[in-house]
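Heads up: the structure comes next, in structure tokens.
The first chain written gets the first letter, and so on, giving A, B, C, D, E and F; residue counts start at 1 in each chain.
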Amino acid sequence: MTDYAPDPALLARAETLVEALPYLQRYAGATFVVKYGGHAMGDADAAEDFAEDVVLLKAVGINPIVVHGGGPQIGAALKAQGIESRFVDGLRVTDAATMKVAEMVLSGQINKEIVSWIAAEGGRAVGISGKDGHLVTATKVRSEHDLGFVGEPDDVDTRLLDTLSTAGMIPVVAPVGVGADGQTYNINADTMAGAIAIATGAERLFLLTDVPGVLDKDKRLLSDLTPPKIADLKRDGTIYGGMIPKLQTCIDAVQGGVDAAVILDGRVPHAMLIEIFTKAGAGTLVRRG
Amino acid sequence: MTDYAPDPALLARAETLVEALPYLQRYAGATFVVKYGGHAMGDADAAEDFAEDVVLLKAVGINPIVVHGGGPQIGAALKAQGIESRFVDGLRVTDAATMKVAEMVLSGQINKEIVSWIAAEGGRAVGISGKDGHLVTATKVRSEHDLGFVGEPDDVDTRLLDTLSTAGMIPVVAPVGVGADGQTYNINADTMAGAIAIATGAERLFLLTDVPGVLDKDKRLLSDLTPPKIADLKRDGTIYGGMIPKLQTCIDAVQGGVDAAVILDGRVPHAMLIEIFTKAGAGTLVRRG
Amino acid sequence: MTDYAPDPALLARAETLVEALPYLQRYAGATFVVKYGGHAMGDADAAEDFAEDVVLLKAVGINPIVVHGGGPQIGAALKAQGIESRFVDGLRVTDAATMKVAEMVLSGQINKEIVSWIAAEGGRAVGISGKDGHLVTATKVRSEHDLGFVGEPDDVDTRLLDTLSTAGMIPVVAPVGVGADGQTYNINADTMAGAIAIATGAERLFLLTDVPGVLDKDKRLLSDLTPPKIADLKRDGTIYGGMIPKLQTCIDAVQGGVDAAVILDGRVPHAMLIEIFTKAGAGTLVRRG
Amino acid sequence: MTDYAPDPALLARAETLVEALPYLQRYAGATFVVKYGGHAMGDADAAEDFAEDVVLLKAVGINPIVVHGGGPQIGAALKAQGIESRFVDGLRVTDAATMKVAEMVLSGQINKEIVSWIAAEGGRAVGISGKDGHLVTATKVRSEHDLGFVGEPDDVDTRLLDTLSTAGMIPVVAPVGVGADGQTYNINADTMAGAIAIATGAERLFLLTDVPGVLDKDKRLLSDLTPPKIADLKRDGTIYGGMIPKLQTCIDAVQGGVDAAVILDGRVPHAMLIEIFTKAGAGTLVRRG
Amino acid sequence: MTDYAPDPALLARAETLVEALPYLQRYAGATFVVKYGGHAMGDADAAEDFAEDVVLLKAVGINPIVVHGGGPQIGAALKAQGIESRFVDGLRVTDAATMKVAEMVLSGQINKEIVSWIAAEGGRAVGISGKDGHLVTATKVRSEHDLGFVGEPDDVDTRLLDTLSTAGMIPVVAPVGVGADGQTYNINADTMAGAIAIATGAERLFLLTDVPGVLDKDKRLLSDLTPPKIADLKRDGTIYGGMIPKLQTCIDAVQGGVDAAVILDGRVPHAMLIEIFTKAGAGTLVRRG
Amino acid sequence: MTDYAPDPALLARAETLVEALPYLQRYAGATFVVKYGGHAMGDADAAEDFAEDVVLLKAVGINPIVVHGGGPQIGAALKAQGIESRFVDGLRVTDAATMKVAEMVLSGQINKEIVSWIAAEGGRAVGISGKDGHLVTATKVRSEHDLGFVGEPDDVDTRLLDTLSTAGMIPVVAPVGVGADGQTYNINADTMAGAIAIATGAERLFLLTDVPGVLDKDKRLLSDLTPPKIADLKRDGTIYGGMIPKLQTCIDAVQGGVDAAVILDGRVPHAMLIEIFTKAGAGTLVRRG
């Protein structure tokens, strides 16, 4: 009966599809919010990989919502236009001129670029910002030093997102919001993604970044964390710097009802697919505990 | 930057999923009719593989309809009950006693067995026969010698199939129909599957069998055929025996509006997935030409 | 004015229809579960009468669900195949061979026979078992002596029934369920009907049998019972034998939310119609009290 | 086995219900327009019978629309108010004062009386006239002598009727229409009913009157007529007087797409039920031929 | 740039439309019940103005329900027919003859007249009374002296109103109801409108009358009242006579959930539009306080 | 009767609302495409006026779609960033650097500014470009001299617009499209608006500009034009310069199925409302003729 012995390579492919089945069943109709961009946005190949992942999610019945950042690109644009920035404790102050450039880069450049990538893979992406459809009402971030027009989401009205997702489209959201007084605010993209994940009742929040995830002191990946465990790791200094607010976003998300938040290495091709559809998993997953 | 070099094995899996994307997009919402059973029904492992394939199709938005046969099992049951059969030109005559046993085996044993396999993989299978919901009205097959209660589909009312598919369920159909006079008829499962594929406007008809497909005179697989090409192959004797009616079913299907009909080796694990979701393909595909 | 004096026979017919009006209004859209079969399944005339009743219910806006038994037919099939049964306290033990025959008889013979009868009257019947659409998850009945694969409904998922009823179809259910482990179980048809009546929120459970109903010690029909009254009658020996579990099914049903359960003589032509649509009523009706 | 011999009277009732089954199946969802009133409106008993018939139709899934007349009642009201009428060739001229009284009697008295009768039987009747919801636009009837504000339907907008029927309600329509110029017109109730039957695509038009139907020269009922046959009967004088316009309404209806029009004796209790649901039939039925 | 200086008259018109915007947004989809008729029903011009207002409300997404009275017209009809009325404490006793005339005038004359006016402006009005669609079940008003068939709403079933409003139609309701025993009752139109406003969850109840609203002792309009304030004004005699029951209707309405009730001068052209869509307002508005 | 003489100013307001009624009825559910921006975008007051007009349209049941330009703002941004432009026959060549700035200004600045204005008036605006939701597929404009990345709409997929309008939202569209090859193209905003008007089956196309409309040789407004009349005016030199392509857009629109196209002075406050809702009208209206 060797005449129908399967080609091992084809069999392996089939088994990969079959391995995805329980995840397809579990996530049917679920919402996944994906923070992408900034440092994680790489070259054309990486962009294509990312777009394929997002379109594949949509094709199998998951509703992805992409939220993007744009820090490096905003810095480059400011520099190109000769706008000098004031810094407070290492943080750039967002004055009116900076806000204007930031919004143009976020809503007028990066947002539409990501839309184009997804469209190239056959996805029906729609690029919006927190200003559209009353999506995000922001308030100025309170901090020791005045950082200018830096806001945080105060209210998220998900009707536009729901409308687009139900119509088979993929929302791509620039992290810009508007205050009750009409003032435009720049919002941290992780924070924006977290707030949208909570408001839409998402099952997963993915924060794509340019590190492999959270590492322990021996540089080994910590694949599963909970809020208490994170508190321990902060105390003993394992977690520090930029990873602290990122993990706080994860904690807020899972405590706000999101099933799990994952810090993933956006540089790894198809990291999201591996995380979602195989037993192998990837990155650091935070659960309610 | 080698710290984020992807694990090649994981990358291969991701790429398999990505390779499926264009097929997912092309077949979203389509109906696939799958003839399964008889000789192609193998052991528990094969059954699990088959069920996984069907459930995976449903999970990604395709509507599979399974039609099964049961010749060997009917033969065994007749023998076990000591019912002797009369043969005409090598074909078993379906008298009343035989019909009764055939229906019990088809609707009461094989049908529910396939339902159970699919259920075990999380699919919501519903086992029916052509008698249910006015699905198949049959007429007696006209032939030189009287073969008894052997019928062919005269009218297919797809409402029950549509209702089940729309409700997220997977119809599993036993090849039994009822005449206008209430008489029960046994129907060839390939014929039944072909008629259902035409009536439901299916995109694909899969005939799972226990050979690799149509072979040329050098025993190499012919992967792509059209009605004229099939006529040639019949003339020169490449195609003969049981493959002739099977290919006729394929021709009827594609001429009745089905996009393509595929003769597949049901013994190869996940042959359907490979055929549907990879560029490799499998078996012999018949197109309108 | 004698020129328009109505023909008394025609007037009587009209009055019968008018008498049905309040019942039509009361039961519009209601679900009625009807246990039929086994000893109550009679000859072709009785079958036609039964099918007419069921189709009439559907035609006037009631949703009937038929659950059938098949004890005598299973016994005959076992005997025909020379399968000997082991008995414990007079109950047949359902071993693997018996279960296989039972399922073939129930799902492959009786079920489709009832479907055909209903179809002959114009009803769109769909024959299923507890295995289909995840309808009934069963667990092994716990008893003093091991009775083999005899189960009872642990969970009833009504989606398939609702889907069929809403689509204008009439479910016909064989009393077979599947365990969480995939094992097939034979279920008492009365118990199955009762569980389905509770799960679907039925207004009525009809148990068609071959006796006129519950009789008092003077052999007069008791037309109206409640759980306390039944307890009294059990205590004083008026109720005994097979009527005890039947009445327990009725008690469970009404305590599970069914408005009323009725034990009816299935041998009386159109007993169901008389019970439902006339003031005369028939059989023994059990209410919550 | 005499213990379950059915009570013959009960069996007769059941058989009446069963006899209705094919008619229930044929007429499910159909629209029946019933002209009632004028001379056919009798005493309280007759009214109750009529209302039961209408409510029963609705309860079994037919959509009845009642159109009523009111000639005798208008005559009485005019007399009571001392309004004298001018007659032309025996026809009353509808001047402004007459029209005002006619509308009050039709829309303010008879219409609401019929609504009340139907409500008393549990039906949700809604009394309207051709003025409501832009139902009937009328034009003045052209005739040799000016008959005043007597109109005929020029356009029937069925949206209000459809809305009410779909919502489970029973429209009761007074034969009053409005011209494009806002003028109120009295419309012959038979004509109104016929126009509504055509516009709603009704299956049946019933004209309830106070004669047994169309009689031949020997005073025997002619139960089945076609337009050519009617032409013959007119020629030979069998049909004459008021029956001529009534039959013309029937001819117009069937030629306008109504399946059949029936002239029925409204004085016979439940004549409609007998005509619709039994093989006996009643009255004179006109078909396209 | 004077070449595009706006025409002041046109600009004023535009600003009127813009001024309406916040009210359009606030009242989108709301129900407004309007009591009209009796003394407030004026000449043809006034009727046209009223109809325009109602149709405009419907056109901008508000659901108006018109309830009308008809006291003066009933009085005239009784007089014309020579029916003498008995009076008790100045109130006319509604005996059977009076009730019959009242219903004919209300349902057969005024109701259809208002329907015609609205139709003339392009609105799809449907004239009904409390008898239709089981709208209003009434009970006899209890009072010291027997006033005959004068009722008050006991139960309001809004299904007919909801059905008509959803279908884009405008209900026009005559103040007639039916008792549980089938007796017809005349209902005070203000009371009827108030009950309907409560039952439909209306945002506004408008009582159009022939006075400018509630005046203080110096004959100046009181534009805003609350139940406690009304109690004060009753005590000090500012409010007296017919204004007392009218204000009680307003109090009942706002305490029954209606946002506000307004007593408006129906003689002022377009008083409703001014009240609803401009900051100026008109009449006396009663709020919960 | 002077006590209820209406305040003439209030009456005028009411009459303005009533004057709008026939237009509300005619345009219920219609789509209006409005080209706005570039030179017509004025100060904050003008912006507020424009936003009020758009929100008012939406509030009364019309579906507005805003398409904006941005020529002057793009020029300013290029100048600010020191990007020098090459001109051909007076037209700026859109090279890659220019395209990037243009898209940032259009999608990242003007688009979101208009969204904010509309949001401030309570409208649910959603800012997109032709790239989003596969809205506009563009091809390079063919011209004598290569103008770089200047495109014209080749295909308009209205699903995103329909989805947003149906969900109660107001699309605001930046005139940017994407080629089949993924290249970004700048599109003339008038052309973009015209193509969208045709594709959505709009009833009206408004081109807001900074002139009063089309003037005759005596500088008097031509309020009504047809394609043949426009041809005459072109021939005799009355129409010249920038008005020629603008009128061509109007001709294309009405010949493509748009009921009428209007060239309006965007500097006149509420010019759109006056044009739409009053008999006065404004600007130059082009009809099919």
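Following the convention adopted for this analysis, contacts are C-beta pairs under 8 Å (C-beta built on N, C-alpha and C of every residue); 3 or more make two chains touch, one makes a residue touch a chain.
This one's a predicted model, so the numbers in the text were calculated from it and none came from an experiment.
Here the chain-to-chain distance from subunit A to subunit E, counted in touching steps, is 2. The chains that touch both subunit A and subunit C are B. Where subunit A touches subunit F, over half of the residue numbers in use are shared by the two copies, so each contributes mostly the same positions.
For the pair subunit C and subunit D, the distance between mean C-alpha positions equals 43 Å.
Computed centre separation for the pair subunit C/subunit E is 56 angstrom, with centres defined by C-alpha atoms. Chain centres here are Cα means. That of subunit B falls 69 Å from that of subunit E. Residue positions of subunit E with contacts to 2 or more other chains are absent.
Contacts between chains close into a ring here, every chain touching precisely two others. Beginning the circuit at subunit C and passing next to subunit D, one meets the chains as C, D, E, F, A, B, using touch as defined. Remark: subunit B residues 80-81, 100, 103-109, 111-112, 115-116, 119-120, 124-129, 131-134, 159-160, 163-164, 167, 169, 176, 178, 182, 184 touch subunit C in the complex. Remark: subunit C residues 1, 3-4, 6-7, 10-22, 24-25, 28, 52-53, 55-56, 59-61, 121-122, 212, 265, 267-271, 273-274, 277-278, 280, 282 touch subunit D in the complex.
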